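Each structure below appears as structure tokens.
In the two assemblies presented below, chain A is common to both, partnered first by chain B and then by chain C.
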Partner chain A sequence: MTSEETIDAPMPGVFYRRPDPDEPVFVEEGDDVSAGETVGLIGVMKTFHDIEPGTDCVVTSFEADNETEVEAGDTLVTVEPE
Partner chain B sequence: MLRIVEPGLSTTVQDTGRYGHYHIGMPPSGAVDQYAHRVANFLVGNEADAATLELTYTGPEVVFEEEGLVAVCGADMDPSLDGEPVPTWTAVRVAAGQTLSFEFATEGARAYLAVDGGIDTEPVMGSRATYTLIGVGGHEGRELEAGDELPTGATEADGLEGNSVDAAHVPDYGAETSIRVVMGLCDYRLTEDGKETLLDTEWTVSNEADRVGYRLDADVDIQGLFVEREQPFGAGTDLTNVVDLGYPVGSIQMAGQPIVLMRDAVTGGGYATVGTVISPDRSTLAQGRSHETVTFEPVSVEEALTAREDWTARLDRLREELLG
Partner chain C sequence: MFDSVLIANRGEIAVRVVQACRELGVTPVAVHSDTDATAKHVRLAAESHHIGGSVARNSYLDSAAILDAARDAGVDAVHPGYGFLAESSEFAAAVEESPFVWVGPPSEIMRRFGEKTRARSLMADAGVPVVPGTTGPVESAEAVRAFADEHGYPVAIKADGGGGGRGMRVVRAGDDVEAELEEARREAEAYFDNPAVYAERFLDRPKHIEVQVLADEHGNVRHLGERDCSTQRRQQKLIEETPSPVLDPDERETLCEQACRGVAAAGYVNAGTVEFLYQDGEHYFIEVNARIQVEHTVSEVVTGIDLVKWQLRVAAGETLDFPQTAVEPRGAAIEFRLNAEDPEDDFSPMPGELSTYRPPRGVGVRVDDGVDEGDSVPPFYDSMFGKVVVAGQDRTEAVRRGRRALEETVVEGVPTTVPFHRQVLDTETFLAAEHSTTFVEDHPEL
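Let's look at the complex of A and B:
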């Protein structure tokens, strides 16, 4: 049984799961992602900050919805490291 | 020399600002929280106008090529030196080759990293402040990126390691939400009810708030705050337009929503500016985070001048204590 880890927001802003409103989401729940792969964005001060896991992992669930406001420290994604 | 390993969200070289060019449309730029910037400098033996790094929300990872003295003031981003936590508002010795890294702030928005001798990039029009909108000053006129190398100046003071400021001089970010304003230049354009609404509303700092402007949100009909009139020749058609005028730094521009013009803002235009945030409170506002709320408190010009004198005297005392 692998333990779950979280990816938390490092700043306040708006969380995005897509690179553009007309594009598909970066990743779906259950997808395998590599360390450093973008799984979401936080938009603040008219700039976008990539949200990425530090290790290879499986995305378990998104805790923040697309285009919702988040605070620094909020859990965005839970992942299971591989 | 400092080497940037990770840049953080938005890290720029800033100082006390670029003055004397406002009339040609050049805003001052410089540290938006002048209090934290100046105290950080004093702690490492610099004068107020030495350049520091302004870190926003999430700090960088920096390697020091030579030994030196550093201080981090402002929002607490949990700095650590080679993985060991270091105190903020304190002068800390770093050895050549050590790495200073930061986490993210949960209170306050900006921290200032001062290095003894100051960040010694080439001044442009008398200042090292970065004005990113036109790419002037600081390091190549832009936010720092991984791999950037920044020169530091010659150390002027020594023996300050461990110096710190009393807790009384460390602001409690997020606690002060009342921002003092001098009403004008165009508050005559507001109805009495409009003024009341402006001053009674809790305004939320928007996601776009930055060094250019602090955009504020609330469920308020901005047009409805204004006196109806036939717009004069030279003014735009919107009720919030006036004939072009200079915008004071810190003024509240009513452009669809209130926008407090910060140090990188446009210097003039045709929106009514209905109040001006007084200079000490601009530092407070600049530590306001997106989604936090603020209210405006009107003060007289005399009260504003007294507040500025108190602010200046407090910093003078800290300079005297720390630099002698």
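Let's look at the complex of A and C:
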């Protein structure tokens, strides 16, 4: 039995799944990620904040689309802790 | 004059160009991204064309989409504002090759001034003092050390294709050369797609002083005096004023004359800014901004000359119809940038809705903005949503008027730089005009 957790937007901004438009996504759904590994970015005007899980986990799904506006507290990613 | 002009921008500068068009009897055509469908610049323009998604790359940086909009609208010219594509010589060239007139300097001139080492040699050849620096890119740590041996530390290593302080590293001692050079090249590659860097003497406590110039296609060049933009944080200007409180009349005349001479030698056309650093009574050219700037307002206020209208008139082939002697700046003006940023939290930007927005009014106050109450500052673009400009008979009156205007300014829904500005106006260093570009870093209490 596993329980899902969410990673929420810490601030309003724009959610990015890639470090740069021409680069691949940080992670795909189903990927194993480590605590502190970057899974996305929140861009606010010209500054960027890393989005990272607090524990080792599997990315279940992305709830926010790449390059879309998000509010503080919106769910960005659901993960399953390992 | 043109019948219609497409404004390839958003926010307060797009509104500013709409206003200039209206006063000239030109039809202003706006463009907008998804998030800006009902933005102020769209509301004020005669029509607006959707050019793509909210992320700037898909809209305001998409030159093909903008040129498509210009064709759809059947405009005569394209005004780029500042930021976005305004400094792209590729976009300028694309407009030049299109049926539309580019409202700005010729793309070839932009290209020359866009490369900082080339701009420095252009100005140096015209007899304008430049910060001592290498004449070309530096490839090795030995080259940086050789330069430092001659001119001393600190040395700045800067991106050849750069600007705005990005891609710049400061070397304070010989041991740091390798690390800083490597980092500068890495940043230059990341930001500007060009790892070339050059070295120059780093001024520790400079003032930033710039000269507004205006040139037509017929060989006439005028200046509108200087602006002092020394109140910056992380090399971004926050407060700009004219005249500079530190220049004496001789220095002012020399600076302005040199700026005109330098751009004239380069065959410059349209509005531009020649930027200098000033320290210990010496001034050095740093770069030319080949576009209208945020702070053009203070020059307009003291000279009564409408720079944005002149940009359009010059682009339409008109001749500057006033001699230099007719440019007679009166009094002092100060601009305060209204940014959706939290000065209490290291100026971190914060988007949101302006649930309350009451800009100041009254004698000697000008407000340029891209929003009205109820509008949002979106997270996709710059945090600046407006500018408050105050004028006075002298700097003292302008400062007092600034305090009054900023007290009247009410913004709710996003944090702003207003409280910061109020504090600056009570800071002795600013009042005595002893501040340099490191002012914010030097005053952690602000």
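What we mean here is this: the second predicted complex is superposed on the first by the 81 of 82 C-alpha atoms of A that agree within 3 Å, B and C clash if a C-alpha of one lies under 4 Å from a C-alpha of the other, contacts with A are read in each partner's own complex, and residues count from 1 in each chain.
Convention: contacts are C-beta pairs under 8 Å (C-beta built on N, C-alpha and C of every residue); 3 or more make two chains touch, one makes a residue touch a chain.
The model shown is predicted, which means the values in this text are computed figures rather than measured ones.
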>> Looking at A:E4 after the superposition, I want to know if it touches chain B, chain C, both of them or none. Which is it: first, second, both, neither?
In response: neither
> Once the shared chain is lined up, is A:D32 touching chain B (first), chain C (second), both, or neither of them?
Replying inline: neither
>> Tell me the contact category for A:G73 with respect to chain B and chain C: first, second, both or neither.
In response: first
> Which partner does A:P21 reach: the first (chain B), the second (chain C), both, or neither?
Replying inline: second
> Of the two partner chains, chain B (first) and chain C (second), which one does A:K46 touch, if any: first, second, both, or neither?
Replying inline: both
> Of the residues on chain A, which ones does chain B touch that chain C also touches?
Replying inline: 11-14, 43-47, 69
> Any idea which chain A residues touch chain C in the complex?
Replying inline: 11-14, 21, 43-47, 67, 69
> Along chain A, where are the residues that touch chain B in the complex?
Replying inline: 10-14, 43-47, 49, 69, 71-73
> Which part of chain B faces chain A closely enough to touch in the complex?
Replying inline: 9-10, 56-58, 103-106, 207-210, 289-291
> Tell me, which parts of chain C touch chain A in their complex?
Replying inline: 35, 53-55, 57-58, 340, 348-352, 378-383
